[in-house]
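Okay, so chain A shows up in both of these, paired with chain B first and chain C after.
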Partner chain A sequence: MELNDFIKDFADQFDETDFSEFAAETKFRELEEWSSLTGLALLNMIKAKYKIHVTAEQLLKISTIGELFNFIQQ
Partner chain B sequence: MNLKFRHKKITGILTILPENEVKFEDEMDQYNFSPAKSLKLKMAMGYNTHRVAKEGVCASDLCIRGLDYLFEKKLLDKNEIDALILVTQSPDYFMPPTSNVIQGHFGLKQDMICMDINQGCAGFIIGLFQAFMLLEQDEINKVVLLNADVLSPKVSKRDRNSNPLIGDAASVTIVEKSDDSGIIFGNLKMDGTGFDALIIPAGGSRLPASADTAQLHEDAAGNFRSLNHLVMKGDEVFNFVQREVPPMIEQLLSTAGCSREDVDFYMFHQPNKFMLNKLADKLGVPREKMPSNIVENFGNASGVSIPTAIGFNLGTRLTRESLLICLAGFGVGLTWASILIRLENLDFNEIINY
Partner chain C sequence: MISEQVYAPFSLCNKKILVTGASSGIGRAVAIECSKNGATVILTARDKARLEQTYNSLTAGDHASYCADLTDESEVQSLAGQVPQVDGIVHCAGIMETLLFQFVKKEQLQQIMEVNFLSPVLLTQHLLEQKKLRKNSSIVFISSIAGVTCSGIGNSMYSASKGAINGIIKGMALDLAPKNIRVNSVIPGMIETGFFKEGLISESQVAEDKNRYPLKRYGKPEEVAFAAIYLLSDAAGWVTGSNLLIDGGYTLL
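Moving on, here comes the complex of A and B:
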């Protein structure tokens, strides 16, 4: 699994936000478009594509896209 | 399970919406959230206005308005109705069936069947399946399928989860025998272990309504509701839909030997814009082919959302054209069901006010 692929999958959950705003150090909760719904869709994508079950509670402790990538890799 | 039907057709669809329109902004101060947060929710979910019946208006009133309209316009002859199916979760009474009440109101012939079905989000599909099965009978040639729900009184005004999206509505769909040998494909699944994902806990036999069940309680997210109110586990429903609906549609299309591109429109149940857009993306269907504009204009009226989507987005086009349409409903039950059907040259496809 590559970080760049993950960033793309992450960005795919958004409709309005420009792709240039997504990077490993992006604090995703600070993105204008982020909402708890985006969170739900994100966890769904991770489960479907990466076969890893991340809970909403676990996601709460993660603040950047890179951290989430590392968490999934473990 | 896969289902197949032959020699059946839909010949008309009428949706009846209460005239009373409520704006999201007008109800924002009832929610325990900052206006900024509420407006963000409005954007993400595609909330705007919804149609809410005036106090005292029941599901049968909306149905009667629709049938009256069709009789007056001579689009339906009341002597030809061999079956009246009403799919609702908000019947007029526990007993008798509301479909019998409607039959009595119009003095329809006695040689017919009236049947209430308790289904919600998938209620249009389940109702069509039932109509198709009844049409197997020699003496049943025309079925009137009513979908109607007035659930707004069952939703707490202080519940940001459900109140902004609830809508009241009814639809009348005419289903008849057809000489056309084309096959209508269907798919149906149920999972009662998820019965409490969408539920009105009190007011039935298990927990009768009382002063206690009417007490408002605050949930973890800051919504206030009582046990008499509809409660939805939004995240579970979202996950269920994203997990189960795409494979169901793939199975339906593969059984029918049809590609995603062959389908002209995907007219799905309308829970909210966000969920439908995610479904379209996951299925690899262009969002224009899967309209998601019913909640923002009228609200989600459970089983009536699909006919409303067909009426609003296709209107008189369906009285002139022939379109291959994939229908899908999913939610309360849990129930999820779909149909692949050709809709063409309908006698009517419109929306009227109550």
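Moving on, here comes the complex of A and C:
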């Protein structure tokens, strides 16, 4: 699994935000477009694409895209 | 017998009731409450140990319990063959998956339709075919407000499965009316069970959601059981094809 691919999959869950705003250190909750719905979309995407079940509580403890990438790699 | 002189239109005395999904949550509460109301209950689910826990919580009686996977056609056939004649069924077995529509795939859709829609319907059909439903029986589906009056985020597949139940009970109610068999559903709002164990909804989201209910809490499994008991009892003798709403006022807003 590559970080860059993950960033792309992450960005795919957004419709308005420019791709340049997504990087490993991006604090995703600070993105204007972020909502609990995007959160659910991320969990659904990670399950479908990476076959990993991340819970909403686990996601709450994670603040950047890079941290989420590391979390699902473990 | 004294019991025959007592005025008790809601009693389930002398009734045998089959309860699916009896190993957990609403099904467990339905089984226990039915036994407390005088019924002989027949429990079914897949998990033997959890089914036994329910069995041990029933008030004493001539109850029975059968393990079966309701998505397995041969297990359903054999279950329908083994159970005695009954006066009612409460279909509580069901699954849920929180999946936004853009992620829905045929496989997941098929699975949820199979457990929530096809299984209870086909089990009922097998029981009828094998003459296991007495005249005056009552069939109760635990459906949901989702798919009948509303839906929820990530709930499209689940809503479809419950909407399908809502449709078929109308036709079943008509077709079975000549046998005086009644067919109804209970449509609950959110109930405190392990149903959301998949963890895609955070605790704070749950708290927020509870707050949307005019009665400011989720329902209890027993509160769904009481509705099912009404529909099973002779008190509901003229009730068929209906959906009994138990939702703390949620769908009023």
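What we mean here is this: the second predicted complex is superposed on the first by the 74 of 74 C-alpha atoms of A that agree within 3 Å, B and C clash if a C-alpha of one lies under 4 Å from a C-alpha of the other, contacts with A are read in each partner's own complex, and residues count from 1 in each chain.
Heads up, the rule we're going with is that a contact is a pair of C-beta atoms (placed from the backbone, for glycine too) under 8 Å apart; a residue touches a chain by one contact, two chains touch by 3 or more.
What you see is a predicted model, and the numbers here were worked out from it, not measured in a lab.
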Thinking of the overlay built on chain A, is A:Ala11 touched by chain B (first), by chain C (second), by both, or by neither?
neither
In the superposed model, does chain B or chain C contact more residues of chain A?
C
State whether A:Asn44 touches chain B only (first), chain C only (second), both chains, or neither.
both
Could you say whether A:Thr55 touches chain B, chain C, both of them, or neither, answering first, second, both or neither?
second
By the touch definition at the top of the document, which applies to A:Ser35: first (chain B), second (chain C), both, or neither?
first
In the superposed arrangement, what residues of chain A touch both chain B and chain C?
37, 40-41, 44, 48, 56
Can you list the residues on chain B that touch chain A in the complex?
40-41, 44-45, 235, 238-239, 242-243, 274, 277-278, 281
Can you name the residues of chain A that touch chain B in the complex?
12, 15, 33, 35, 37-38, 40-41, 44, 48, 56
Going by the contact rule at the top, pick out the chain A residues touching chain C in the complex.
36-37, 40-41, 43-45, 48, 53, 55-60
Chain A touches which residues of chain C in the complex?
98-100, 102-103, 105, 153-154, 198-203, 205
